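In what comes next, chain A is part of two complexes: it sits with chain B in the first one and with chain C in the second one.
Moving on to the complex of A and B:
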């Protein structure tokens, strides 16, 4: 703003009359954390960030910055400092914070139904301790289903999401049909919007099911762990070639329902770590334009020796970085494929909007973002708490559909007490973390791994993983090169 | 094309508004608010019109001894046709074309007064003028074609009209319910929430407020508009409009004073004002103060291409609609063409000799007629390939 600022015509006042005085500003609330050996990340509570070196950080805090410097402009633009008495900065900050927290006012959006605990796969990392496909007493009844639907429509959320989890939902097709048809009927009369998704290994997919899903606007989510050998190693079945069935299913859904009606995610096992590019290539082979790179969850069979404990967070981050690098490179060559975990974090970091992702909410999304209806009618505030119950610890169960009311369950002590300990804004270890605005609380995971709802962050796998992800993504963005351009495109 | 000129006729009367008709057989009741345009000789006196415009061709056969105003129409306004609306100021002989029925877009200056003093203002404010723009517009609105697609209220600063602006917007909704209304305001007075609430209460079906922000730095914006606290007031105004459910377009004129911060500005808008229905990144119109301050404010688009592209990319990735106004296509990168709009009103729009052989002239906004000596060095015909 130096050149051209000297307007010679008398009625105009020069820029110098408008420039704030050096040092005349107040700090607005912000946190900071080391990005790497030389740089720091500063974040405000609306989630905007600035990367700078230690010297500049110190000069900022000491109010020793020239008002016409680049850093001053960045800090002012993103509301880290305020230099005028009549400033609109606080109004904007308040608006942004309200926008970011808006999902809270929506209340529960995601409703997961477990139509059966039976499954026809025997995945090494199974998180729900599935039963064999012929076992009895693990199917949801119509009475339970009916109460679950009632519960779902009690949520004030404007957009509802109904997800069928398992077991393998298609093994109890009758109840899936019943829930879908009943929900669609209620959509028509109530005007509510419900997105319906079946999480399935697709082995039992038939033309009849596809027709049904077409008629009722049902989408699919499936697991594809990588190339045939890896997929079948992670997700074996006694009855069929798991890889063959899943890929055939993906293809049929793409043909019959459309390419956007099936998405896939991969679960990382120790066998996956050495195959990042092969896994991504497998997604390309199936025509998929998105992949979700997911670390293993410490529940169910996944907690048995040789799976979860068999790789470290650092190893997973290495794997993630390699895969992400490869994916970004593909995009630069014009091949469109997006890594969904990264895209989700990017939306949290770069947009003013909150995301509904249950694992990264503050307060935690348990119950208030998502809720699970087990086959037996037990209601859990998250899929993880259901898994914990299947392992013999039902402490997070908030009630049963057949005996408890919506109000009793949503106001149950266990839910309220747990949630009240999950505001990362004031939780030890999170309160001062520079990444707090992007992160969230996962009380069930911390309870499972550390025996404590809040958890001990220095040894928390959740914390290490997300810090690693944030640091990596910010580093890419800060390079301001073609790779950061690819990531920016993922915001859309 | 010019929109105002003088007639030789003078008489003592207040300014008035007439709709032009070329039909001597106009039903009697419609004639009182219309002026009959006589292009050829007419056989006998046709009574009942508010005024009569005559062109040279018609002059010899004009009826005599008539007490209604007979106004000779200058050649420059001979394009007038049925449904156009003209303001006649008898004491000075000023004729101003307020509204052209066939134009896609009509723009009305609702006041000449302004509470800002922008260093690149194309329409410098008149100080302490008791203008009657709003009253004449009030009269004219019911005369306009109900199928008029788009009307802009500009100034001066329209919000200085206070209640009268609100009544004008209501009148637009009453008489022109199918017309998009665009109000260009600096937004400063809308820092009062009640102002926005009163406007919102009208429930105009298609209303957009275009509010300029020239920088994300309050001191830079305040300097450019030469008013302390203007940025804070404008942003409060924008937030108030949005809070009341009114649509807001952010308008930024690119000058030598702010082009370097375009990218940061885009980030600011995406983060703070993501509800904007459009962000218009505009080339300078080199008239008024922009002309007298040209050396300080004008910058060749060829010199800020990277900044412009970066700003567009940021807004695009955040799904904030973005448009580029007043930029000839040859001055911006082809990947930005799809954001470029033909934004220059037809009556002040020209093309140059270089455009003769240009393959994309039909898509281009061309030049401001006023800016004939302020052209980018990048101007050249684009060849199709």
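Moving on to the complex of A and C:
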């Protein structure tokens, strides 16, 4: 090109010539919420987030943002604004949204069987109102089990999960065996994949049971609340040392079936609050590389004074933060251990993939993500609704395996009516919340605590807890230091 | 800023200029503060008048009233975003769950090889 020629149409113009004109963009749908005193979290339609201050947020909404600023570039690349005539950004955004909602099309994956309501532990916080180990009339029959299996294989989900809950499932070993063997038989003929897990205190574990679980590819989930004294205080038994049996069981499963075949979770009581590091250390002592820090649920015996109401959401969050800090510190020293609920929230926040976790779905995951077959054949759309029924309120029961069809139960008024009121995209308090893409609806919990399935969010314990969790996790990620690196590793 | 007065009974009255604040923004802020204030909203010609009576759980009403006013400001910003983006949000939702492209129907039916400039 000769000197002095017209540069107006040249591809070699300065980069500023290619920038859109100031204010020439349209907003794409997004929400925002305060992160702390000075920062806001902005989340787009597909759940990607950006943190900025209020001045920049206002500048963005008022279209007064410099096109060559870093924030403009971030907002554009993460689909908060569109300054192009092309529809590519919209197509991408719609695709990301569809990917996040994919678990909906899978429908029910988790099927929980309650082989018995009898239990050999006397946990102070038992949420299912267990019966004594010798009580009669609380065991599942073969007829109920058979109908439950039929129901499970009626689900369109490509991968099914069969979970034995209790009571203590191993107290009705015959029916556990029947369900497992029958399921594996149907897997062979139908080609379906079913992951099977027994939730047990492991007190009754035997070589015979381990052999059976090895043959049929069955895993275990157990409760370990912390060091011996704390565990036995929370989960006492008249007949045996609860801590001793659980730890021995974890060891036997790891040795016989492999380290991946047993996982544990803890329930926080007021006695746990002062021991976050001791609890994590106990998990390491047992060779467990993951821990699930879980607050107490307001059902069954846990709803009595002195358990659920014995600490506030703020106190639990303080406990969680201390434990998480300690876990991150361990990872930085090369000791691998992961907090599972944080990892689950991170997947929701940082990946385009949805998670099937029942409590964090919109619409609510009840029935859609999980169903429970009680020992008496009654079917509930979540474990919490079963717990509520055991407390005398069977409102959410969707039918009985012996008298109702799959279709009748999954299309029952109580299930459809409840689910239709739980789209957080449009319920008060959630519709504009910046954390909406990461959160979900828990209608049973809100009904239990506030008498309303939607709930009043400003006083909702569920809302306060999750707001606290999201704010804490985003604050760590925003520091972009070694701690955020540990959290990013948990996505792998 | 909205005008704010403290009443002899300990409650507060805030007046929001309707040229600046939408009624819906005031309502959404009132919902959020319903646990610490008894809220009464009246719609006038020029102002939305909000009476805020502290509940027993409100330990610092004066500070909370300030936060309430800032919340109305945030809610107004949200209303502004919604007014501009609700149409595109509905289109995105329809596109996400549709089997055909609603955003660019020509692309959906056109032939890839014909559309390619190199062919």
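Brief remarks follow.
Just so it is clear, the second predicted complex is superposed on the first by the 475 of 492 C-alpha atoms of A that agree within 3 Å, B and C clash if a C-alpha of one lies under 4 Å from a C-alpha of the other, contacts with A are read in each partner's own complex, and residues count from 1 in each chain.
The criterion applied here is as follows: contacts are C-beta pairs under 8 Å (C-beta built on N, C-alpha and C of every residue); 3 or more make two chains touch, one makes a residue touch a chain.
Treat the numbers as computed from the prediction; the structure is a model and nothing was measured.
Using the contact criterion defined above for the overlaid structures, shared-chain residue A:95 touches chain B and also reaches chain C. Residue contacts after overlaying the shared chain place A:352 against chain B, while chain C stays out of touching range. In the superposition on chain A, A:235 contacts neither chain B nor chain C. When the two complexes are overlaid on their common chain A, residue A:87 makes contact with chain B and with chain C alike. Counted by residues of chain A touched, the larger count belongs to B, out of chain B and chain C.
By the touch criterion defined above, A:459 lies against chain C but remains apart from chain B after alignment on the C-alpha atoms of chain A. Applying the stated contact rule after C-alpha superposition, one finds that A:131 touches neither chain B nor chain C. Chain A residues 87, 91, 95 lie at the interface with chain B in one structure and with chain C in the other. Residue ranges of chain A in contact with chain B, taken from their complex: 1, 3-9, 11-15, 17-20, 46, 48, 67, 73-74, 76-78, 83-84, 86-88, 91-92, 95-96, 99, 350-353, 485, 488-489, 491-492. Contact residues of chain B toward chain A in the complex are 117, 119, 216-220, 222-223, 226, 228-229, 231-232, 235-236, 239, 255-258, 260-261, 264, 267-268, 270-272, 274, 289, 292-293, 295-297, 299, 313-314, 316-319. Against chain A, in their complex, chain C makes its touches with residues 28, 31-35, 74-75, 77-78, 80-81, 84-86, 88-89, 91-93, 95-97, 101, 103-104.
Listed in rising order, the residues of chain A touching chain C in the complex are 26-32, 34, 45, 57-58, 61, 87, 90-91, 93-95, 97-98, 101, 428-429, 432, 456-459.
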